[in-house]
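Letters A, B and C mark the chains in the order given here, with residues in each chain numbered from 1 onward.
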Amino acid sequence: MNQPERNSLRRHITRRGALRVLAGSGAAAAVALTAGCGSKDERTTLRWWSPQASPDQLKAYKAQIAAFEAANPTIRVVFEATSDEGYPAQFATAFAARQLPNLVTHLPSFAAQQYYAEGLLEPVDDVIKAIGIDRYFAGANEVYRTSDKHYCATGIGNTAADMLWYRKDLLAAAGITAPPATWDELRSAAQKMQRDGIYGAALPYGMNAMTSLIFIGFIHRAGGQVFSPDLQVAIDSQPTYDALAFFQSMREFCPTGASNFSWGESLTAFVSGSTATGIYSGRVLANVAAQNPAIADAIGCTTYPTMSRDIPAWTYNDFPCLLIPKGAPHLAETKAFAASLYQPQLYAQQMHAAPGHVLPVLRAVADDGFYRANPLITRYAAEVDLMTKAATAGHNLGQETAAHKPNLKANEIIASNAIAELVQRVVLNKENPKAAVAATAVRLAELMRA
Amino acid sequence: MPDAAAARPPGAGALERRDALLGMALIAPTILVLGAVIVYPLLSAIYLSFFSIYTPTLEGHFVGLANYRDLLGSGGFWSALVTTAIWTVGTLTLQILVGVGMALLLHQNILFRSLARGLVLFPYFLSTVVAVLVWRWLFNDLYGILNQMLMNAGIIAAPVNWLGAMPNAMLSIMVVGAWKFFPFVVIAVLARLQTIPESLYEAARIDGAGPVSRFFDVTLPQLRDVLTIVILLRTVWDFKEFDLIYLMTGGGPVNGTRTLPLIVYNQAFGLNQMGMAAAYAVSMMLVMLVFMLAYLRRANARSEADSAA
Amino acid sequence: MTTRRPNLLASLIAWPLVLIIAFPLAWMLLTSIKPAAELFTRTPQWLPRSITFEHYTRVLTETPFLQYFGNSMILAISTTVLVILVSVLGAYSLVRFRYRGRETLAALVLFTYLLPSVVLISPLYLMLVKVGLANTLASLVAAYMSFALPYALWLLRSFMAGIPEDLESAAMVDGASRMGAFVDVVLPQALPGIISTALFTFILAWNEYLYALVLVNSDEARPLTTGVMNMLISAFNIEWSLLMAASVMMSIPLVILFAFFQRYLTSSFGAGGVKG
């Protein structure tokens, strides 16, 4: 064999070799993918979804899972975080594909009602029975009652999501002695406290669920409603104009970026000390403790002011709940696991993971010494008690008042951002409020019909 | 388009037939994959657009052309189309101007040229998610460096609302889009610049052409082919951009930056109207198809006119 | 080559622009090593007063970042390998063989550029469910093929068209089979183009967001793009320092690839590739 030939042969071989490596790695990749990447577990797997997944909450969930797995060695529970603004999309595809989680927690009650009405949920009557309905606060499960006399979900907690958080030090510095109770007082307080780069308030003006959910509260705090008790569109009325006017008048006291605020931004603005008041749930307590302990002694909360003193407070409680999608496998195991989440000690620990944010639905736990011994709950006992009371009396678009029929379209109305758009049109685009509200009313009617 | 096969000598009958079989065998995997992940879903999308379908249950009924009628009748489609066009033209113009300019500079023998090239090209390789996060942090009204710098320099007195007001939001996403995608233009133009024969410049120089006229008389005509295709590709990609706008503004404020892809997504998974979403998607595709055919025809006509001249 | 001397004037114009373009990346890096307390001051400091890597350790230890990272790796590598295998053969077939429907196919490939991902997403999802792949990395690989394959085909096709056919003919005259000539002659010639196509494919797959958002809903198959957004931007916190640290770390593979393969980047466009 002469030299060039050998060279060409070697080149030949290496190139063939290279091709073989390429083909081989392709096959290997295919095998790895079809094998599903990872060893198969013999145990039954339950998938648990929740949008509430801060690191501390994850730890509490893991403790609950570990306890259940120890008692049921044949079952494995996998927790997966879903997105808070994005859950409707994730659920739509999960249902469409029948790729369902076994258990979902911390979705708002109106989502549960809608999914149940669409035939997508398993009633959870058994779970409630296993927990014991008299262990809940009285009537705590009424919001999950369905027209066919079942429960579409059960409460995993309560949240007073639109408390007025304020800074006592800044109020005092502005010469204000009592936290504001009406819109006029709030506006003037915000005006007095706004200086040196500190803004008066952290209201959301974004095109998102938070803005819709929060603004609905303002309509009620002006004495109005979005739908009448028999679910006719009732938004086109004076209270809505008043609420819009108030929202508009507050814009100058909110940070520039408020037109993109959702929950996270609004919360961070208050916690970081950039705004003198905030609108949020008890999550403020843990975040202040972790991120800005300097203001920990100066914060306090009250129910959000109403337009005038004769209008009662209205608190937005999303009624975070536990639901079971229909068609997911291992129903009995799922129900057993669901009930196990309410074992008092572990349940209290789950509440401790977000003290004051997710408030207990179990009466015994709320008064229990172990639950109350949490440092933050002890430190802010008055605030936690106030939030517990406000949340218990709270409502959301799924049932705006006790007199309302459940609104099965609430989930889609929020997802459509129709109400957030109304706020943006009037506040940011300075459109005529009456015309904008009228257009929104038409839109809501369409959504109800769809 | 260079067509090597057409240039082969005729008369290789049997071999050609055997080759044709081999050629089809080689293309088979491509056809299989494209059929499965593009053609079938595409036909399904067209099919779905004639139905009213509730996403989570996938139950629905035939509505014929009703989705299209609603869509064309509502102002939503047309205003989103205009928004999409504004975004596309705006960000593309920036991309081309910055891209060509930067390519010309980087073609020069500047100091630390390969480092400069690396830094300039990198945004293109960055995840849109990362790009959006970084820019949202720069734009942040309370802690963002951008407002801070502008205020320190005395250019603005109060923080600017970069993403929450119009036209700022549209301009902001155009800038971010340009920052993220102009390196594609740089890559393509730079590659072409390297193949322009030096003799052309020599000749121009002898004719007494200055740098500016050398650019317009020599460089630009040479770049025309590459710019034609780059503009086509980038137009199509910008037109269908979803991630950047969705993550940057979500379509707001109000619907100031709500482009067609965002509507499709919201219809399908926010409002759970899968059929309507499909109708939007199909209409959007038709718009792009019309644009592309018109563009190619015009580009071809121009290059034919040139070769005739 | 005009001159060996550095062009100082061009350098003076170019470098400030380069620095402006690179600034967001530098700011990301700086933010990620600042203590959180320095972040939320109303007068942001240029340089951190003290440097901390706690955000990196927190992302690595307290979040599923590494799991997402692994998923993204498997996903991007699998997509790249499969796309390259299919598209190298396909592109070769498109430029060197004659059969019925070839032109239509080439046009179809071009047409697929028009398709917005959102058009395909729902039917694709339903199809993947039917074949039992939903919610797996494999489903994302399949979905990513829908945009990566046409792109790779287009790049490789124009690249291969630039390879002179004489070399192949010569090899075949010497007795090589058609495929032998392909392996011995065409592949080595096309290697720079293949590498740059692989690079682009990897990057597309690594950075994809929309399909990952819709098609996958479990952490076991969630890639970095959606994973990072999901875990760090939530209703209860927006942790900018963690976000920046995660952003830096998810860009590291791209930096490495970029450093190694930068010289191949222009090659797929270089050989007249962009003529289409």
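The criterion applied here is as follows: a contact is a pair of C-beta atoms (placed from the backbone, for glycine too) under 8 Å apart; a residue touches a chain by one contact, two chains touch by 3 or more.
Computed from a predicted structure; not experimentally measured.
K.L.:
Would you say A-B or B-C is joined by more C-beta pairs in contact?
P.N.:
Of the two interfaces, B-C and A-B, more C-beta pairs touch across B-C.
K.L.:
With chain centres defined as mean CA positions, report which chain is farthest from chain C.
P.N.:
A
K.L.:
In whole angstrom, what separates the CA-based centres of chain A and chain B?
P.N.:
36
K.L.:
Averaging over Cα atoms per chain, report the distance between chain B and chain C in Å.
P.N.:
16
K.L.:
Which chain C residues touch at least two other chains?
P.N.:
Only 40, 42, 85, 122, 126, 214, 229 qualify.
K.L.:
Any chance you could list the residues of chain B touching two or more other chains?
P.N.:
55, 58, 140, 142-143, 265, 268-269
K.L.:
Return the residues of chain A touching two or more other chains; collapse runs of consecutive numbers into ranges.
P.N.:
Answer for chain A, listing residues that touch two or more other chains: 89, 93, 96, 272, 274.
K.L.:
Within the complex, which stretch of chain C touches chain B?
P.N.:
Of all residues in chain C, those touching chain B are 1-8, 10-11, 13-15, 17-18, 21-22, 24-25, 27-28, 31, 39-44, 85-87, 89-90, 92-99, 102, 105, 108-109, 111-124, 126-127, 142-143, 145-146, 149-150, 153, 158, 161-162, 165, 178-179, 203, 206-207, 209-210, 214, 224-225, 228-229, 240, 243-244, 247, 250-251, 254-255, 257-259, 262, 265-267, 269-270, 272-276.
K.L.:
So in the complex, the part of chain B that touches chain A is made up of which residues?
P.N.:
Listed in rising order, the residues of chain B that touch chain A are 54-58, 140-143, 158-161, 163-166, 249-255, 265-266, 268-273.
K.L.:
Along chain B, where are the residues that touch chain C in the complex?
P.N.:
Counting only chain B, the residues touching chain C are 1-8, 16, 19-24, 26-27, 29-31, 33-34, 36-38, 40-42, 44-45, 48, 55, 58, 102, 105-106, 108-111, 114, 116-123, 125-131, 133-135, 137-138, 140, 142-145, 148, 179, 187-188, 190-192, 194-195, 198, 201, 225-226, 229-230, 233, 236, 239-240, 242-243, 246-247, 260-261, 264-265, 268-269, 274, 277-278, 281-282, 284-285, 288-289, 292.
K.L.:
List the residues on chain C that touch chain A in their complex, please.
P.N.:
36, 40, 42, 62-63, 74, 77-78, 81-82, 84-85, 122, 125-126, 128-129, 134-138, 141, 183-184, 187-188, 213-215, 217-221, 229-231, 233-238
K.L.:
For chain A, which residues are in contact with chain C within the complex?
P.N.:
11-12, 15-16, 18-19, 22-23, 25-26, 29-30, 32-34, 36-38, 47, 49, 51-55, 78, 80-86, 89-90, 93-94, 96-99, 101, 197, 210, 262-265, 267-268, 272-274, 283, 287, 291-292, 354, 357
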